[in-house]
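The following blocks contain the structures, represented as structure tokens.
What follows is chain A paired twice: with chain B in the first complex and chain C in the second.
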Partner chain A sequence: MIKAKWWIYQIGIPLVLLYAFPWFFNNAHTIHVAQTFLITYIVIVGLNLLVGLSNQLSLGHVGFYAIGAYSSAILTMTVGLNFFVSILISGLIAAVFGAIVALLSLRAKGPYLAMVTIAFGELISIIANRWVNVTGGPAGIKTSVPSLFGFELGQIQYMWFIGLLAIIFTAGATNIFRGRFGRTFTAFGNSEVASEVLGINVRNWKILAFSVSAFLAGVGGGLFAFQNQFISSTTFELNLSIMFLIAVIIGGSGTKIGPIIGTAVIIGLPQFLHNFVDYHLMIFGGILLIALILLPDGIVGAFTKLSYFKKFSSKKVNTDLGILHDDRKATIDLPDGINGKLLELKNISMHFGGLKAIDDVEIEVLGGTVHGIIGPNGSGKSTTVNVLSGVYMPTGGNLLWKGKDITKYAPHGIAQEGITRTFQNLQLFEDMSVLQNVMVGFHRHFKTGFLKNLLYLGQVSKEERYYAQKAYDLLRIVGLEERAHEKASDLPYGEQRLVEIARGLALKPDLLILDEPAAGASPKEIEKIMDVIQRLKNAGLSIILVEHHMDIVMNVCDYITVLDFGKKICEGTPETIQNDPRVIEAYLGGEEVNQLVAGTRSIG
Partner chain B sequence: MLQVQDLSVSYGQASALHRVSLEVNEGEIVAVIGPNGAGKTTLLKAITGLLKAKEGTILYKGNEILGTPAHKILGYGLSHVPQGRQVFGDQSVEDNLILGAFTIKKEKQKIQELIEREYERFPRLKERRSQHAGTLSGGEQQMLAVSRALMSDPDLVILDEPSMGLSPIFVKQIFDTLIELKKSGKTVMVVEQLAMAALAISDRAYVLQVGEVKLHGESRELLRDNSLVKTYLGSK
Partner chain C sequence: MELTDILKAIINGLVYGSVYAIIAQGYYITFITTKTLNFGQGDFVMLGSLIGLSTFMTITATGGGVWIAFIASLLLVIVILGICGWGLEQVAIRPLKSWHSIGWILSTVAVSMIVRNVAMLIWGRDVLMAPSPFGRAILDLGILKIRYHDIFVLVSAAVIMLLLYVFLKKSLFGKALEAVAFNREAASLMGINPRLMASIAFIIAGILAGVGGVLVGPMVHPGAFIGLFLGLKAFAVAIIGGIENPRGIFIGGLLLGVLENLFTLYSTSMKEAAAFFLILVILAVLPQGLFGKRVKEKF
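Presenting the complex of A and B:
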């Protein structure tokens, strides 16, 4: 039934509307506007994937658009390819450029990324302007009348053709949105470091997001090249990039129907405002400003809040995913336990310039144990966790995992090996539900590829249902099944920590590193968290626990390492640690100071 | 002089202080100690108005100051030496002191007197009066931070981990200063990581743990009490 509904809404109705359009609005101007709408819409669908899902701001989409337009013009006119083939090829060319831009801007985020993309867009537009031999510059070049199988497409047929592509791309984009690819895009857009420690190679995924987005922009550009059988460099300027972005934001970035609304605004509005043509950018600037203030989630976002709010906040089990709420006791699915040395830190040092955050530290973690790492402020606990999870590469020493050297592994590599972690400063994927957060944790277990997801084959939906059920079971283990469909960031702090634990468990880790799991939680929540850790321990999971809350540490840990000023000062069982004078000194103050100050007192 | 009752503070969803009550009487040195993450700094920030408390009352000289903005609280005779010193690094030592007298900025004569008093307290600062504060050593910066706080001539001085990152000699000097302040009639509240040292110089102390007061009493009693170590290192 869901399938039938999907075909009606995604394909049937749009097809009918598209086919019927010329009967209602049969004049050349309206058809031309409709073509422009559809072409722009295709670009916006791509930009929405990038900006809305992956949070990668691009102000250079005009570059991909121009590359698409010029390559398809050149491929048809000079090489003599069919226009449709040339459009697809130019989409691929734009995708390659997308990958290049992504690689160049890997470390840039937010405004800096926007700057890189602006530079790219400007570069392409300057080339279009100056490389007159090829592009014709401002005077432009002619393209052919589009034809398919020997039939020339008239204005109306060309509109139908573009519309058909738009419907296909929308269906593809929707499939991407609802499957694991959309989830992964959103995940690294929300938190790169959390995605990495769950085994997502963020670099590759960013390249993919940029490529897909650039592909659609390239195809849009290609379609544009044949709309008027003429293109000139004056079209491809920065303000077009800005308009694209405005459409995404006004429509509601990251929503499925946002692009339709957004495109309608930027294409439709100028039709009513031709008298103010000189003020277009100003008017759009104003609209953007108002939209950002009044409707931060865009038009679609605002409406979902109104009408769907209740539907989303209701706590019913999502039947779409076929989740079973049975009475079986949920079991923790863990890899086989390992006895003996699991992880070894050999003379690990992490120096930041002159600061020795950790210095020559040796720790051995045995399989099946809970190993505590404690120490006063600034003792190097967080640095140790960051080294263990690959967030930092140590400046000295080796990290051995089951005897294998993993010192130089990136976080996603370490996650692939079966080590994951939670974060002291929570790193949940805020735009997702609790269930989706946990589903991202299954990343390394998903098998289906991009094409299968694009088509959303039966295999894909089966896989989705399978892992949704597993994620739900994990939520039952941490006692959060009731919250499965709530937005993760709406949960109380302590429960958010439990979501992170469940998400980490989804990886099916051999070793789970808990970085201050009780920080900021209320006493009641702390009890819950402690109970969960205890149960994981009983299930045989190896855990590294960094925590200030000593009652938890002393009751749960089998073995404890104490750090102070980046050095290991002692290790042993909880009893040993509690009675070790070095530990007491580290926590309560050194002997030297005490004597000095005590001396003061007797004088005073 | 200062009465805190059932104070609860949270950062967004994270709770930092849970129904904390304590009092500071006139002429006392009161220490607040506890492991890191206990909420000590949060407590001070809530008292001095830098953080908004969720619930509870804070009475200073009998007046409710909860919700009063930080810059006004200073005018009531309560001064805060923040953690990590926070001196104005690009300004001279003397300018830092003058800025400390912001609430009495119109009385030039008095400001001069106060500056002289601080130079007497810490002769080192006088030597370095025209030097940029950022170029001072950690210990000297801490002296400056204390002096700057005293420039508003407060009745109650609140210090947040004055020993942080200092060598034992400087720690001693700062702690000596606290005792002198008490002798000159000021009231002192100090948050410390160096629990033993703080207990040695204070009259009474509160032990915070995970946002709650776990122990409190006379400092000399607490020094002998076994449960202090337990609070820090947990019990099993």
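Presenting the complex of A and C:
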């Protein structure tokens, strides 16, 4: 029933509108504008996926567009392929370039990322301009009239054809949006490091995001090449990239209908401004500026804020995951416990230049235990956690996991091995609901691939529902089931920490590293957090606990390692630690300090 | 290829590079204080060059001396572009709710569209000829001929860099700017108004663009549509050098200018492509630019 409705909205109505359009607006100019709208829209759908979902930035989309246009022109005219085949191939070629741009910009952020994409776009437009033998340069090259199965497509038929593709791509994009792919895109767009420790290979996912986006831009370019049976390099300039980005932002980035509205603005506005050629830029710039100031979330974003439209809100990836059950007992899924050594740090050092954040530290973590790591500020606790989770590569020593050397593993590799962590400085996926945050944690258990998600097969929705229920169960375990559909960033501090714990549990970890899980939480929340840790311990989960609150540490931990100035100063059971003079000295200062406090000695 | 050609290319490159670097310092100042920058900086440069040109021509046409005309045009450009910078911050940066999104890229682009349109209405669509206060005078060194204007640009760039450096490192304003850059909250607790600092940063950026425009005017043919190209070059320079390192930017500017002009010896298309190719290679290896700080993020 619900499924049928989906098809009506996504496919049925658009198809009818598309088919009927020429009967209402039957003049060459309007049809031409409609073609341009549909072509641009396809590009914008792709860019929205990149900018809106994954929080990346591309000011070089014109590069992919140009690659699509020229490849399809060459494949059709020189190689002699059918135009439709050549457009699809051009999309794939553009996707390859998308992957290259992703690789080049992997570590670049902010203005640096902007520059990488600008440089790519500019390079492509210079090549288009200068490689006259192939591209025709500014004078352009001719392409053929598009034909399918021997039928030449007239202007109206071509518009139908583009529209059909646009509808198909929209449906695909929508499916991507609401499934695990959209969730993963949003996740690494929100926090790369949190995605990594949940087993997401951010590099590959970025490549995927760029490739999909570039594919759509390439197809758009291919369609453009046959729109006028002519292309010239003057089309492919930086300004067009900026226009694409404007469409995404004005429409409402990350929303499903944003691209339609955004495209309508950038294509429609110039039509109205036709009579004001001399003031065109000024009017356009003015409207853009006002829109950005008044509607920072774009047109769709602004509407979804109004309560009447709230139910159409589409910023959320997916919330109707079927009914979540409360009746069955929530249980934690944990791997079989392991006795003996689970994790060994062998002479681990982490030096930053001259600073020895941790130096030659040895720790053994036994299976099924809660191992505390404590120490004063600056003792190297956080660095140790960062090394353990693969966020930092240690400068010396080895990390053995069940006897296997994992020193050189990336965070997602370590997560795949079954180690995950929470963050002292919270790293929640802020654009998602609490439930979706936890669902990302199941990343390594999801089985369905890209194509299945593109079609949103029954298998996919079954999987989604299955893990939604599992995520909900985890929330029940940490006591947050009431909050499941709230935005993660709206929760109080202590509850956000619980969300991180639930998210980590979703990975079904062998070892969970809790990095100061009680920092900033209220006493009541601390009690809750402590209770959760205690229950996890009873369930047999191995935990590394880094914490400042001594009552938690002393009550929960089986074994404790104390660090000071990057060195291990002692280890043992809580009782041993509490009575060790070195620990007391590290925390309270040595004899000197005692004398200072007692007033028997003065400074200087 | 002769040695003189290479020498000429290098000098030419240094001249262009130093202008790019001055314009790019504007990116640096606003980026450290607000984490935003003016994507339309190039159009401010264009505006500076055109206002400078018109002032210069008006004064010389009414019988004023060349140097009086030059200094008057420089002062006028400084005032007007300073105001433009302030206005930009007021309309395109401050009202945006969040600087973390990319809204500011588009809002500054929007302002640049308006600026470009205004310039087009005043000065027309075509490029103009801008005379240098030195006319076409050339210093003849035997193997090498250098235009006096080029020497003037090099010297001015050095002076401007020095002034900027002194301003940032020695003056209270400069220190306040750096404090905001280092930690916004802490700076504001110390009584520094980050909003005022943001305004000052954009005013300085506007002035730098304007002065850059006055200097570059006689080297290019100024016109309403030259902004994009100049802004892009300056942005490239800022990124190559590392946007948070003013000295890096200066070196990056000279480097890009020289390399570009050396490539011109082979072909002009190589020249255009070289800069962007270089950027892709540099950023793939050093994502913070050549001289950018590499910070290890803490989690």
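The definition used in the following text is that the second predicted complex is superposed on the first by the 563 of 604 C-alpha atoms of A that agree within 3 Å, B and C clash if a C-alpha of one lies under 4 Å from a C-alpha of the other, contacts with A are read in each partner's own complex, and residues count from 1 in each chain.
We adopt the following convention: contacts are C-beta pairs under 8 Å (C-beta built on N, C-alpha and C of every residue); 3 or more make two chains touch, one makes a residue touch a chain.
Everything quoted here is computed from the prediction, not taken from an experiment.
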Contact-wise, after the overlay, does A:491 reach chain B, chain C, both or neither (first, second, both, neither)?
first
In the superposed arrangement, which partner chain does A:246 touch: chain B (first), chain C (second), both, or neither?
second
Given the touch rule stated above, what does A:577 touch, chain B (first), chain C (second), both, or neither?
first
Which superposed partner A:588 touches (first chain B, second chain C, both, neither):
first
Can A:138 be said to touch chain B (first), chain C (second), both, or neither?
neither
More chain A residues in contact - chain B or chain C
C
According to the stated criteria, A:551 is in contact with first (chain B), second (chain C), both, or neither; which is it?
first
Residues on chain A in contact with chain B in one complex and with chain C in the other?
none
Mind listing the chain B positions that touch chain A in their complex?
11-16, 18, 35-38, 163, 168-169, 171-172, 175-176, 179, 183, 193-198, 200-201, 210, 228-229, 232-236
Where on chain A is chain B touching in the complex?
376-377, 491-493, 496, 516, 518-523, 526, 548-555, 574-575, 577-578, 583-584, 587-590, 592-594, 596-598, 600-601, 604
Chain A to chain C touching residues, read off their complex
51, 57, 59, 103-112, 114-116, 118-120, 122-123, 126-127, 129-130, 193, 238-239, 242, 245-246, 249, 278-282, 284-286, 288-289, 292-293, 296, 352, 382, 386, 391-392, 423-425, 427
Note which residues of chain C are touching chain A in the complex, please.
27, 31, 35, 37, 91-92, 95-98, 101-103, 105-107, 109-114, 116-118, 120-121, 228, 232, 235-236, 238-239, 243, 269, 272-273, 276-277, 279-280, 283-284, 287-289, 296-299
